[in-house]
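Dumping the structure here so I can ask a few things about it.
The first chain written gets the first letter, and so on, giving A, B, C, D and E; residue counts start at 1 in each chain.
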Amino acid sequence: MTLVEVLFLLLGAMALGSAVLVAVSANLVHCALWLVVTLGALAGCYLLLAAEFVAWVQVLIYLGAVVVLLLFALMLTRAPTGAVPDLTSSNRFLAAFTAAAASGLLIVSFAAGFGGTRIEIGSGDIGSAGALGSTLFGAWVLGFEVLSVLLLAALIGAIVLSRRQERD
Amino acid sequence: MPLLFPLVLSALLFGIGTYVVMARRHAVLVLMGVELMLNAVNLNLVAFDAWWHDALDSGQVLALFVIAIAAAEIGLGLAIVLLVFRTHQHINVDAMRELADRDGGQRADQEASKHTDRGAGSSPDRVAVTPP
Amino acid sequence: MISASSFGGLEFLVAGPAVGAALLPLLRDSRRVTQAAIGLASAVLAVSIWMWVDVVSADGAYVWQSNASWIAALDVHWRLGVDDLSAPLVVLTALLTWCCLVALLKRAPDCGGTSALVGLILVIEAGSIGTFVALDLVLFFVLFEVVLIPMWFVIAAWGDPHDEPGRRRAASRFLVVTVTGSALMLVAFLLLRSELGTFDLAALTERARVIESDRQILIAVLLMVGFGAKIPMWPLHFWLPDAHSKAPTVGSVLLAGVLLKLGTYGLLRFWYDVVPVGALEVAPYLGALGVVGIVYGALACLAQPDLKRLIAYSSVGHMGFVALAISTMTPQGLAAANFANVAHGVITALLFFVVGAVKDRVGDSGFGVIGRGLYARSPHLAAVLAVAAVASLGLPGLAGFWGEMLTMLAAYSPHPDLPQTTYLVFMVLAGLGVVLTTVYFVVAVRKVCQGVPASDAVTDVEADEWVAWLPLVALTVLLGLAPMVMLWSADVVAALPVTP
Amino acid sequence: MTTQVIDWWAIAPPLCLVAAAITALLVDAFAPRGSRALPCAISLVGVLAALLASAALSSHSRATFCLPASGIEQPVNCSWVIDDVTLAWWLIILVSTGLIGMLLQPSVHRGELPGGELYFLLLSSATGALCLAAARDLITLLVALETLSLPSFALVGLRRRNRRGAEAALKFFIVSVVATAFTLLGISMVYGATGSVAAGRIATSVATGAAVEPVIAVGMVLTLVGFGFKVAVVPFQVWVPDTYVGAPIGVAAYLSVVSKAAGLAGLVIVLVRFFSPYVDLWSPMVAVAAALTMTLGNLAALRQSHVVRLLAWSSVAQAGYLLVPLAAGGSEADIGAMQAYALMYAIVNVSAFAVVGAVSAWGAVTVDDFRGLVRTRPWLGLALTFALLCLAGLPPGIVGLVAKVAIFRSAVEGELTWLAVVLAINVALGLVYYLRFVAALLTPAPVRAAVAEPPASGQPGGQREPHGAELFVVIVTFIAAAVLSIFPGPLFFVLP
Amino acid sequence: MTLGIVLLPVIGAVVAMLAGHRRERIAPLAGVVTTAASLGAALVIGFGHWGDAAASALGPYEISTGGTPILVGLRVDQLSASMLVLATAVALLVQVYSVSYLRGDPRYPTYTALVCLFTAAMSLVVVSDDLFVLLVGWEVMGVCSYFLISHHWELEPAREGAVKAFVMTRLGDIGFLFGIFVIGEAAGTYQISGVITAAEAGSITSGEATISTLLLLCGVVGKSAQFPLHSWLPDAMPGPTPISALIHAATMVAAGVYLVARLLPVYVLSDVAMAVLSGIAVITMLGSALMALAADDLKRVLAWSTVSQLAYMFAALSLAGYGAAILHLLSHGAFKALLFLAAGSVIHAVGTQRLGQMGGLRAALPITFTTMTIGFAALAGVPPLVGFFSKDAVLGVAYEQAMHGEYAVRGWLVLVAGLLGAALTAAYSTRAWLLVFLGPRRGSTAEPSDGADNGRIVAAEPHESPWLMLGPLVLLAIPCLVGSWAVLRPGFLGIEADPLHLPVALISLGLALGAIAATVFAWWQLGAADPAVRLGKFRQVLAGEFHYDALVERVILRPSRFSALAVAANESSIVEPYVQGADTATQWSARLLRWLHDGNLQRYVTTVVLGAVALAVVIGLAQ
């Protein structure tokens, strides 16, 4: 077992543990914090998989922006800081079964598909920002342009929905 | 490193994400569940990109795009959640039944449409989330 | 004589009434609308008779053909043409529409405006004539469906004034069953298209032999069910009695005289020519259903308390005869079906006119309400009813007899590949059906016309009703005494593409 | 770093829309008070410009944003291709967006909806739809799908402080996001199995069997989930009734026409461009899905008396009909038939929603409230009757009938006779509730004044006459459907 | 000329129908004139044909029916000539008779028109050379009889009798139609002359001959009221008496005999058919004679007597006694018409048909008495009258066959039944004669009794009918007397039959006189009461006509009424499954859809996820 694999297993276990806690925790804020741990672990995994730029973007946007937004949302919806009894609805057994089915399906197909393959991460292809930037603006500039429209639309949408006072 | 490690991890994360989305009553937690599912997908993409040594890095580019889309979604999602909170005073996903199809929805629609025009504050202060 | 096809005779027959229906309501006053409509209907009748003369002299070939592309992408062409099979039906439609419009001249229907009803009748005429002369499968399907909404609307809005939900339900049931049938028919047409590559009927007949047999059986079954819903064949007939008893007089006449013929014409047109091998396999079942229809219709009439429903069930019986004739798959069967078709159209239209007149005068067509002794109270009305009843039960010397007799004759010697003994059984059962028909008509005449006259007076037949009914009575007697007018000449029969 | 040669003409239409969107937004923000019609005008100009641009493109098919041919991917793959199919989708999307833009103008005029933001969101969503139709690789497809969806979430919840609008928006948002997550998962699996996101390369690796066997199949199905959601195919149609009822009528029309058309375009691209070698795997699946969708849509609509919910279920049923040509194997002729039906459906559905929108502004909710509309408002009544008969596929609505014949034809020629029979039965099923609605429209109102009858007292925000823009949309769609009924040729211009 | 015979009455009918209501005189005039004209034409044709055996035909006109064509044509030979004369003569007399019998009846024009139409139909049957044209005439006769029987449709028995008559004949006619099919396909043509030549040429196999003749027999039995379908004729008596005379005595019921005679060459081919025919004849002969003995209504006695005499003709035909049958047919036509018309004038006088209310009318109705006595005498077979000779011809044929013909068994059977029948006939005719004219006057004529065909209240004292009614009686009496002279001359009307068979003649005369004596003695002994009392309890059975109607009711009518009600009931239940099916489907689907779309977002998401996973699993496995 190489060092990379050991590290990967460690980070994986951490991510899974915190994800399970997000699922079952009775305290809303704790859920948000456990989410942070999960995302951080995943950023580590990206690093191990030589996707350095993606890892930093993950840390920057997910940890920085998304989770903060979630916390703001909890604050704005006056969520209680203490434990909340009935956060999980009666639908949980069916939900558990479905989730198990979904992950089971994925695991079976991955196992059947990629049984013995291994990833050899050579030195040359570290996902550095420079390499990724060139391919991003070399081959995928169309996606980038449309993404810009998307972000602008989302921005305007968010503003118009959460506007408080009547403007006219 | 065997490719299966990240894939199994992503599969499990995706499973947990779907569980959270389906089982949790609070809208913000549901959004967290969605985030988990999207991160599982990102892990998948990065793993495959590493395995295929893709010259065009399509996997990582797509991962970036997914992160950006997730951010946009969360922004809009929370705006909608706030809108729901302002009109319903609660954001319990399974408690919103006004649009249900009650035998042709005659009765429900009449009183519901009259109701909306009188503005937000009128419905009883039914906050499912009782303070501790 | 300029050849009618050059100036688009058929286009006038189809488009004329439709355009009329659109423009006439602009005349505001309903009487003038009806009069204009009668003028138009007379023109259509004249042209259709002229067409029939051309057809008779053409000995079996298509006459007045015209062909223009309509939807290029779907390879659908505006192909019209008429031959011995469709000409009599076109003339029958034109005549019945004319009679209906004359009947509407004086007495407005009890609910709903007259000018709208006149417009709808013209649209029904356009649609049905179009269906009879269409030679393109999809055009046939489209025009077949053009008739449905107007008829649904006539029944739903102008029907029986006392029972509004009842007539709406009857109309909807009629429409749903017919649309399902026509949709199945469309599936059959498209199967043909995928097999033979064209929608043109004339081309289909030469290439009919190419389709292998199990595909032909599927097409034949789909056609049988599709048109069966319209004929109506026994299991799919449940909509007819309601539709007739709830429809206004004019609606019943058109429904019985024209719409039922669309179903039988379809079978006549598509079974023999297009899927002969498949039809041979399925023919005994069609024959069986036809015979069941005959006996079932007759028995149902025996116990009917309502005169109009009784006539409706008699239609089920008569159309059972036509179905049996078609199922014999011989030139004789085809000739019998064609004659029975037209004869039934004339006689039942007359019956519905008379019963409708009685219903308008007395308020309802139940035996109890009509009361007895119509001979005394309104002798002429009762006389016409008696003559029509006698014609309908197939008295030789009147139109009804030849259709049924030729059908039984054809059933006696069906197509060599068909099981002889079963068809003999069908023939005997059909004979039993004829006797039962005699019983229920004679009993009905006894209940209504004879007996000690009831107290309330019934006004006798008026002038405009005579004008509407006399052509039908004359036609019944003419077809009875001189059937050769409608029966095909020997060389037309020779031209029939029936497999020997 | 090799920069791609960009064919600006090819991306002109979406650019026009984006430009119009931004100008509409800015104009509304800075323009003087009271000029509420401006954003609508600008959006119309943008749509017309886009239409002209796409018309100019129709001469020959173009492809741009091509991936470099270097590296292992040999065949040149372009991720933006304009061909007949794309142009047909663009025509449907642009025409519908323009009409729906006008449809929304009355509620903007009444102050219920913010003008500038509304048109911005509408046009950006339409841009997403255009990109989706032209995309030929998974990344662009995904981003275009998201650009289509996100603004529509906002549009659904646009009515200020409306309980049911908020509820509809939340439901629509969460179910859509979950579906998109599944699509992403599918895309990742497809990428994992084939090593590429471009259409050509995926198709070759699938054809040569290089793709990793079970993963590619599961990936394909999961990718379809997002598009199936947009088209409202059977398992994913749960959101339709609630969202259509909660959203403003114009937005419901938008969802039922433009987003459904874009979803269909996505399905076609994924199934026909990416996975054409697996046709005998996915065509039975799509056939079963189509049969279930139309039957469920019709059965549900049978019991409805709420007008918008009835139209919602009717659009689900129509989605079932639209899938039939795809189930028949998605050949050129089948796609043409689907697009012809989609164009007819778009025109007729917009007409129906326009009339329903105009009348429900007076408070009419159920079918009974529409009694006697033909007498009180002849133009609206006749247009709605004609639209319903076209949807039912019955003769006065010959364009509906001819489109159905095309659908039947592709089913029968695709050896799917059982599907054709199911389609036949569904035509009859659908007929029942369309007929009930038409019957209500035609029969005079009963004793109590029907809501369709404009009550004397002013209903809040309800002036009795339909707004000029609405009337224009109704008349344009009615005439278009009537003309196409007589000459159905142009409906099929896309068919080779 | 032959076409004229058929068309003239039709013209009369049309004129009577249209102009009849306008002026009261026109209808009777039209009827009488046109019938007289057709009688004249018939006589002209008759004299032309009675001489030589050649037949004149009106060219066949072909109607193509896809299969074997129908050749419509008319053909007159000796047989049809004589039948024409009989039919038109009786029709003329009936028209004249009806002028006074139905004086003042509002529905006289329709009555005359129908009688004219009937005459046309009868002549069409007799002259047509095509089986289908014959069927047309055959059934138009049936319809005319239906309308005429229900002439007084206010009366219940008239309505019932009409329906019964029409349905029963129609039932027979269906068999007749099938018979035409079989024989037409076998002979290759529907032309009667063609069929006969084919039969003689032997191209029709005995099997086909048997089937076709038996089927044709159904029609004949129906029309001539023989054994299985006999009960409609007595029930047709409520119709006006002239109609009974014309239709139910002379012409329509005789059409059956004419047809069998015409197609005798085909019947001869099949022994089975001949045996069946003779069986039916024997049963009907004796059964109806017995029933006539016990009948209480004068017209029912005459009706049963007609059935019995027809059986005689069929018996002769069953032994290929063509001449004897035709001879008996003609003579029977004459004296039975006489008897019916005389009965009409008796009823006209006393206002009732029931024998129990008549008696002692000899003085009051002298002319009717004399003519009716001649009629009864002819019926009973008293020597000088024509009835004796024609019956004797039939018995002679039977005697020939019994002695040295090849159908010995059947010969003996017919001979014995014939002789017994002769005795019974003599008995019931004398009984009727005694009860009507001799003995004390029973019942008062004042109150209108039921069953009287015209239901009018008659004057207190019975008085002789007006001359318009008595004229035809006298005219008909002449052939009964003179006829015997004509019959004895060889080759009379081209019929060769030896009317005088001494041994058989003597036996039958003896039996007849014995029966007459017995009846008179019983009548005298019981003090002018009904001699049928002698029959004791057997009389009750006979009066009930062997309860044949009750049997038919239970075996045929009740099951068909039951099945009709069952069909009507299940008719509504046919609709139910469709409607129920639709409702349950929509209910079931509505419940499922409502559960699925109850607004709970979690359920929505679960549905989506489950749907996606299920699809993926299915496709994954399918691969």
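Just so it is clear, a residue touches a chain if its C-beta (ideal position, glycine included) is under 8 Å from a C-beta of that chain, and two chains touch if they have at least 3 such contacts.
Computed from a prediction, not measured in an experiment: that's the story for all the values here.
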Worksheet item: Shared touching chains for chain B and chain C?
Response: D, E
Worksheet entry | Those chains which touch chain E and also touch chain B | A, D
Discussion item. Applying the document's contact definition, name the chain pair with more C-beta pairs in contact, D-E or A-B.
Written reply: A-B
Response to the item:
Reported most central chain by Cα centroids is C
Worksheet entry | Whole-Å separation of chain centres (CA-atom averages), chain C against chain E | 37
Fill in: Rounded Å distance, chain A centre to chain E centre (Cα mean)
103
Response to the item:
Distance between the CA centroids of chain A and chain C (whole Å) is 71
Fill in: Inter-chain centre distance, chain C versus chain D - centres from mean C-alpha coordinates, in Å
43
Worksheet item: Among the residues of chain E, which are close enough to touch at least two other chains?
Response: 593, 597, 599-603, 605-606, 609-610, 616, 620
Worksheet, complete the sentence: Within chain B, the set of residues that touch 2 or more other chains is 7, 14, 17-18, 21-23, 25, 27, 47, 51, 55-56, 58, 61, 65, 69, 72-73, 76, 79-81, 83, 91, 93-94, 96, 98-101, 103
Fill in: Every chain pair in contact, whichever chains are involved
A-B, A-D, A-E, B-D, B-E, C-D, C-E, D-E
Worksheet, complete the sentence: chain E contacts chain B in the complex at 593-594, 597-603, 605-606, 609
Worksheet item: What does chain B use to touch chain E in their complex?
Response: 18, 21-23, 25, 93-94, 96-103
Discussion item. Give the list of chain D residues in touch with chain C in this complex.
Written reply: 336, 340, 389, 394-396, 398, 401-402, 405-406, 408-409, 411-413, 417, 420-421, 423-425, 427-428, 431-432, 435-436, 439, 442-443, 488-489, 491-493, 495
Fill in: chain B - residues contacting chain A, complex
1-29, 31-33, 35-36, 39, 42-43, 46-47, 49-51, 53, 55-58, 60-61, 63-65, 67-76, 78-83, 85, 91, 93-94, 128-132
Worksheet item: For chain D, which residues count as touching chain B in their complex?
Response: 67, 70-73, 138-139, 142-143, 146, 150, 153-154, 157, 161-171, 173-174, 177-178, 181, 184-185, 187-189, 191-192, 195-197, 241-242, 245-246, 300, 303-306, 309, 363, 365-366, 460
